[in-house]
Amino acid sequence: MQLNHVISTKQFLSPSFLAQLFKLADKNEEDDRNNTLKRVLNGKIMAAVFYEPSTRTRFSFESAMKKLGGDVITTESAGHFSSAIKGESLSDSIRIISGYADVIVLRHPRRGSAKLASQVSSVPVINAGDGTGEHPTQALLDIYTIEKELGRLDNISVAMVGDLLNGRTIHSLLILLSLYENIRFYFVAPSQLALPDEYQQYLKKKRIEFMEVQDIHEVLDKVDVLYMTRVQKERFKSDYDYQQLKNAYILDTSTLKRLKNTAIIMHPLPRVSEISLEVDMDKRAAYFRQAKNGLYIRMALLQMILANE
Amino acid sequence: MQLNHVISTKQFLSPSFLAQLFKLADKNEEDDRNNTLKRVLNGKIMAAVFYEPSTRTRFSFESAMKKLGGDVITTESAGHFSSAIKGESLSDSIRIISGYADVIVLRHPRRGSAKLASQVSSVPVINAGDGTGEHPTQALLDIYTIEKELGRLDNISVAMVGDLLNGRTIHSLLILLSLYENIRFYFVAPSQLALPDEYQQYLKKKRIEFMEVQDIHEVLDKVDVLYMTRVQKERFKSDYDYQQLKNAYILDTSTLKRLKNTAIIMHPLPRVSEISLEVDMDKRAAYFRQAKNGLYIRMALLQMILANE
Amino acid sequence: MQLNHVISTKQFLSPSFLAQLFKLADKNEEDDRNNTLKRVLNGKIMAAVFYEPSTRTRFSFESAMKKLGGDVITTESAGHFSSAIKGESLSDSIRIISGYADVIVLRHPRRGSAKLASQVSSVPVINAGDGTGEHPTQALLDIYTIEKELGRLDNISVAMVGDLLNGRTIHSLLILLSLYENIRFYFVAPSQLALPDEYQQYLKKKRIEFMEVQDIHEVLDKVDVLYMTRVQKERFKSDYDYQQLKNAYILDTSTLKRLKNTAIIMHPLPRVSEISLEVDMDKRAAYFRQAKNGLYIRMALLQMILANE
């Protein structure tokens, strides 16, 4: 299986591709645990070009590359540092950098920048977040986590909680999950942050059941996956609105009591206050395992892109 | 051939040295294309110490080092970050860092800083730009590009266009080209940004033909190399002056029509508006190949410095 | 000998541990000189997580890791760049990063942060400075330097000069030296920057001789080690106080004349003006050798932590 650019989740709407990706990620995890990883990317160079800070995402990609024997050239804040300040266009930067690397991982605040980069680069480009656009490797590690934790992707109920208006993570995961049988969604959000109509129409067309609710407590005993996201105070029109709603989106040990024993709690991280620290001890808290899965998914993607060249 | 510090273009005023360097660069390119590069710098460490941002130059050096099996420790903005802010002198920093690395690549805004560094360092120092001083590896990759694209360095006509007053790139290249037979220069610049008298005297003493012109259109059908540089609006005394002249230094497809078929267009990059994007498609546009050549020249220099130690 | 976290100098109050560490450091230096270092950390990844700038310390750790064949993922200013700005806690960052690395080197401005990190990390944490807290690898390289330069740790007289109130380096070294026989301290500081009572009590309890003096000239002919630190003007209540005292803490060739021939001059660096440049030529000036010793001590620590896993 050979991959080229990784720009959008829409490239991956194939259960058989996903199954293959998950298998490779599983293998990487096993080999990592047993210290039997092969340095299959020896001699390859990844350029990590981050125009805005995201240390966790960058570290995850760089560790993935290095665990497979590859090497990395990196800039952690290209926006402040590079010739960007001399007025150089993203296109020119990418054309030049693609002469120095075998793959480019790009984080950029502007929607569409990863696609633009892929059109001028002489090597594959991986989108590590393009503003309000997409963050496809996050979506892939999210669905991988569900499969790994629950052992299935069909027949599951998923609550997505928090800022469903701006959460690109939520939108991408929703589309990937729609590939599977008998999925039911609960969208838990204040009305100001409800899921955009475009995604609601998408689900209706695919005849996937969903329900919008405002209080997290209504869904806790019904779901297999509780996907939390940050609700930022500044998204609300008034502080009154925020005060009314904020407790509806906070997870603590008391809310946990109503959650199914077999359910899992996910979060793309960083969290602020929407999950209490006490929840970390609960075995259903899957968010740190989810972050670690990012390493194995990114190793698998890098292998698909580079290993058989 | 063993090299120590790389501080100034003036170290390289030898056609036989340059021929050897180019041969090594050619070999690196060929081996890179065939995936047959040998990891001759295995176990060696390069410190990239950048006191001002230059992601492209840094990436080029780091990729060069890593493609040859070496490793890198790097700081992308030492001026903001290092103990510079606690008042430590450059000399002390370099003395310490030279204990941790086998070669230091230094970018610093102050003219003369690379020379100073070489005097206290216990390992070789490569000047990657010292303010209004020099940027010798840029000059070497420029002349390498001309040789590679045209197949010769004797008998060529070169137009240098734009800011010839402040362009250290231009000054260094001019001196290197003066080593060869039957070179003719056209200096295309507004009078405010004309080539300094010191370089004009140099050419006169070496009996090298040159002509100053103000409009790029006068030279397009005469030259083998059209070397463009940025003309910055803020260099002009009045906006009126700038408006009068700015079109004289912009290259687009209409100006291209008058350029020889066998000529090449160079630019040290980043460009702003002096070369239209449409020019990129023209086979004579050599500036991205030029940037890539930086990789092979830097690999060759690192080998000359480190490989036979 | 297996190590886990390196958080505090207090973990190392054992002459036999220190002797073993020094032996390993000696071996690393010898192998480095002879180009016979073994890549024993091949496949291991160190995360350098610096929430405040310290290029020298970071380079020293990264060079140590790479000389032993390991690899590094790094952030040079996590405080500006990371999800710290989105409000993520240090604990969450460390938990996630510990999934991507085999050891974490943490620099953080808050006292106690390294300990906190070690409590949530799934891999060993090395404290590379936690604000007013500790910087244990600096203390270890300091005492290693004394042993290496003088050939002994018993029967020595040590002057500590400058800011003894805030100097965590001084405090840690004092405690380590107290492990040995027949140590005598001279504390040379203005009264505003005197050694805190807690450390004076510590020495009294251990029956270690010490004397407080205000002028460096009183002790020059008595000491084996002259440990200089920065005295910052802003620490003084009035400029008058500062002017009165500043010359008492400056080392130049005239003061040097009174220093024993066999003594050594140390400084944790960066220096500002407390050691004149002319002193660098004196063979007793050990501060650059001291900085280099940091490399070998850190190699030894990384080996103890990672090599036998």
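Think of it as A, B and C in the order they're written, each chain with its own count starting at 1.
Basically, contacts are C-beta pairs under 8 Å (C-beta built on N, C-alpha and C of every residue); 3 or more make two chains touch, one makes a residue touch a chain.
All figures in this text were calculated on a predicted structure; none of them were measured in a lab.
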Interface numbering overlap (same over half, different under half) for chain B and chain C: different
Relative orientation of copies chain A and chain B, as a Cα rotation angle in degrees, nearest 5: 120
Computed distance of Cα centres, chain C from chain B, in Å: 41
Touching two or more other chains - residues of chain B: 76-77
Chain A - residues contacting chain B, complex: 43, 45, 47, 71, 73, 75-76, 78, 80-83, 85-88, 91-93, 95-97, 99-101
Sites on chain A touched by chain C in the complex: 35, 37, 39, 53-56, 58-60, 62-63, 66-67, 72, 76-77, 269-272, 277, 288, 291-292, 295
